[in-house]
Amino acid sequence: MLNEREETLLKEFAPQIEHTNFVQAIWMFFLAAIVAFGFYALYVQIAYGHIVTGMRDNVVWGIYIVNFIFFMGVSYAGALISGTLHLFRAEWRKPINRIAEFITIIALLIGPCYILLCIGRLDRLYYLVIFGRIQSPITWDVIAISTDIFGCVIFLYLALLRDIAAIRDFKDIRLPKWRRKLYTWLALGYIGTPEQRERLHKATDIMAAMVIAIAVIVYSVLAWIFSVTLQPGWHSTIFGPYFVIAAVFSGTGVMIVVMWLFRKLYHLEKYITRQHFVNVGVLMLILAALFGYFTFSDYLTKWYGSERNDEMLINLLFDEYYWLFILSNYVGVLLPMIVVGIKKLRTINNITIAAVVVILALWVNRYLIVVPTLESPYLPIQDSRPDWLFYNSTWVEWALTAAGVAFFALAFTIGSKFIPIINVSELADSSPVEEEEILT
Amino acid sequence: MKKFTFANLIWLISFLLLISPTLSAQEVSETEEAETVDTYLSFFATYTSNDTVVLTANLYIRNGRVRVDLQNAPVSFTISGDDEQVMAGEVFTDSTGKAQISMPTSSLPRNKEGMITYIAEFAGTDKYLSTSEMFTSKPARLKVSFYEEDSVKFIRVTGAQFASNGESGPLTDETIYIFVPTLFRPMAIGEVWLESDGIGSMEFPMTLIGDSLGKIMIVARIDEHDTFGYVKGESMSDWAIPKHLLVQDKPTRELWTPVAPLWMMITLLVMLAGVWGHYIYAVVELIKIKKSAKKEPSQDKEWSNYS
Amino acid sequence: MKEESDNNPIRSSRRDFLKKSLVAGAGVVATGGLVEAYLDTQAAESGEKVKVLTTGGEIVEVDKAHIKYPRVSKKESRQGIPGKKFVMVIDLARCKNARACVENCQKGHYLPKGQEFMKVYLLQDTEYTAPYWFPKPCFHCDNPLCVSVCPVGATYKRSDGIVLIDNERCIGCKFCITGCPYSTRVFAWRHYEEFDEDTQPYSPEASSPGVEGTVSKCDFCPDLIRVGKLPYCVASCPMGVIYFGDLDEDVVTNGTETYQFSKLIRDRAGYRYLEVLGTRPSVYYLPPVERQFPVNRGFDGLDEEVEKRYESTPYAKKQKRK
């Protein structure tokens, strides 16, 4: 049964769930077109072989793996923000909680797809299960990611349950019969009895803790895929924590951007306030500092020791990749710190711009971790073919990257049509005093 | 321009007459086998320590610069002395183009200098031209034996040569090369000088690795000798180092073995159990929520989300 | 144990041209020459034509009935030839980039021109050290990182030390390629016509026919070893640079010269490349001391495309400046 507060809130959000206006339809169509083009690129890759990508015998991992790490990282941030803030019972998280949870699950579904794109024999994918070797970091990754997906789905479900029940009960909303049936079925008969609330609360607490733990594990395993090899540039002890920090950092960036978009498009100014941007911005600042610290530590030790291949790698980074390196490790670190740190600059738009730069910087950072190392192996690449010497990504890879981003946006849009993008039930939980606190 | 004289005409007509057969022959030959192929034999005779001679012939053709062996081709061997010729036999070449035959040396015909001439012939066919090779050498024998003196081990080689009347005398003043057979090729381990009594020795190398019992074959050889051609003698010794056999009783647990290190398996199991245990707990709670809803006979209006 | 006529170092003075060609011929026989059936009394010809590598390194079309090297099953190929541990020695003092090893390996394994199992690098470790031509097969390491990281066990190390790839299990994740610090492995980025030329059933010991979307590499030619032949690269090198043998027997041979392995390494100061990485390779190198040829002989008679590969090496750049 719904209380007055819930009714008020749902009334506000009902229009988004009820119907899709013209602009939104065009938007979704546009995204779907990009995804379709991505499928065409996939077809080309399957029909002609991986030769249509830019990957060759030395740089065997290119943009696909970069995207994989990037999306997995983004997903982790969602998990961390919603999970940690839930455990801390931070009131201000309530309006942005759902966005964080959605980011988690959607990015988690897109990320592994990029590994699939990198695999030469997709028809043998199930060998990973029946022939899996425990000693291989990729097996660890398969286990970890499956566990992560399962855990995040459970967590999301737990978080959505009350809102699904609320919509089911909401009379003032016009929904087609099949949707109402869907909500009823998904609501699992939740009616808000004290027993049910208690159970839900306990389960959510457990899962919030698990989601944080599993996300750390998943991302460390991902880092170890690189650091257990002997490749100069990868074989670094710092990779585990480094990747985790970078992941959360990129996630806060995505978080801010998505917050800004929904605030604008759904007119949620009342609920997502400047304070939210500042809070997440501060998180971003802290993580920027940590990220900068880890990056500096990694490159300092490589540069100072100047082992031959480390030196070669650093020279490569500062010759071929100079501006990308500056963007990723200087601008990406300093800009958010400046924007959020200086009071005068702390506006919603500025923080969002900083977040966009952070996202780009971190994607480039992943690229600079994966590709230059493979371009400077122990045995010099002595080849006459230019695409064997340096990595030249092709339209196929970019089309599929765009498709991934488009799918992310599309899934978010569709998700927001299914359930309110603000966690209505939790918001209704707060007493008026707490609510005052949240919304200013 | 020169005037076309009558002499020129005669030259022209003769030239045309000359080449006309070839012109017509080409036409004819188009309908039959294109060309005949030259064949070659590489042939030599080896004397072994049990007084037999082994004749080895390799039949091959040249395909450009490449040597191609002929299999299943008949090669006939003949022994000839001054007066008589003996047919030794006909053997078909094997899959590597080799034909081999052996016979005792005692009754073979010799020439004046006591040398025996061996002939290998390939009769040829329509496509493959016939060829024959000759090899002349005097019979000799090498015997390998082992002895120990002052706790130092030695290999002794005794050489003998056979005169026309069958009498054997010592094989003197020759360098004999000692080999051991290995997986792919024989390995040289030393040489021995045969003194005037036809006997020579060398120290047995104690670093040789034999089979699992320490047995190894020692081979003494003369190769491409002007008089004796090829001579070989061998004997088994058990003074070699027994070969370490790579037999694994149980699979070791390493990163690259089929069986993973124990600590890895345990750690993984513990972590998975921990995490999935919590998942199961959460799912069970969800199921209980559903169940509790079913227990309620009707919606109670009093309950609400608002506490 | 086949006994071909053998050259030994003591008699090197007799290595005149004729003998060498005879010996080479014998060695050629030993490495499996093409056998042309004697047409009058032949066994029934199957009528099916297939291409075969001849000893001189050419591809000739031959009746299918003549194919010689047997191929073992996948299960058997995981076992390893019992009682052996294979090792290779490469003499850098003799290598002059003749590339017979590269080309014969490619032909024997039905590889396209762009894929090389044996690669020849032009290395110069530092400014004052000697430049040298560096043939690099797979090292078949005793601590193979490529095997450790394979998620499906498609690559494995056998009891005889050889590391093979089962291309019917490989999923093409390419982790092993990043795992190998020696850049040994190659990937089939698309299907090549050369793969179709091998009509025998696939065996990991032959690493052929190649499979699109999978990884492959030098395999030490176990299918040749099983019939007593030396690997393609060993047998075809005109300078006798590559030696191959059984470590347990402590003997290596390049087809004409046979040495005790431990003595050879000790006397010639053999080493393993990038030993410090801890991979424990099975390939040893003899340093380029008392070279038989000056380094720039390695540029003679090269294809333009191949010559281009070495353009950016420090040695080539220095040559240009002269």
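Structure notes:
Here the chain labels run A, B and C in written order, and each chain numbers its own residues starting at 1.
Definition applied: a residue touches a chain if its C-beta (ideal position, glycine included) is under 8 Å from a C-beta of that chain, and two chains touch if they have at least 3 such contacts.
What you see is a predicted model; the values in this text were computed from it and never measured.
Between the chain pairs B-C and A-B, more C-beta pairs are in contact across B-C. Taking the mean of all protein C-alpha atoms as the reference point, the chain centroid lying nearest to it belongs to C. Subunit C has its Cα centroid 47 Å from the Cα centroid of subunit A. Taking the mean of the C-alpha atoms as each chain's centre, subunit B and subunit C sit 18 Å apart.
Between the Cα centres of subunit A and subunit B there is a gap of 62 Å.
The residues of subunit C that reach two or more other chains are 148, 153, listed in rising order. Touching two or more other chains at once are residues 133, 135 of subunit A. Touching of two or more other chains is recorded for residues 255-256, 258 of subunit B.
Within the complex, the subunit A residues that touch subunit C are 48-51, 55-58, 60-61, 115, 118-121, 124-125, 127-128, 131-133, 135-139, 142, 225, 228-231, 234, 374, 377-385. Residues of subunit C that touch subunit B in their complex: 1, 3-6, 8-11, 14, 19, 22, 25, 28-29, 33-43, 54-58, 60, 68, 82-85, 143-144, 147-148, 153, 156-157, 159-160, 228, 230, 244-246, 248-251, 253, 255-256, 258-260, 262-263. Residues 1-6, 133-135, 140, 143, 147, 150-151, 154, 157-158, 161-162, 166, 188-197, 199-200, 202-203, 206-207, 209-210, 213-214, 217, 425, 428-429 of subunit A are the ones touching subunit B in the complex. Touching subunit A in their complex are the following residues of subunit B: 255-256, 258, 260-261, 264-265, 268, 271-272, 275-276, 278-279, 281-283, 285-286, 288-290, 292-294, 296, 299-307. Against subunit C, the residues of subunit B that register as touching in their complex are 42, 58, 60-61, 63-73, 92-93, 95-98, 125, 127-128, 177, 179, 181-188, 191, 207, 209, 219, 223-224, 243-246, 248, 255-258.
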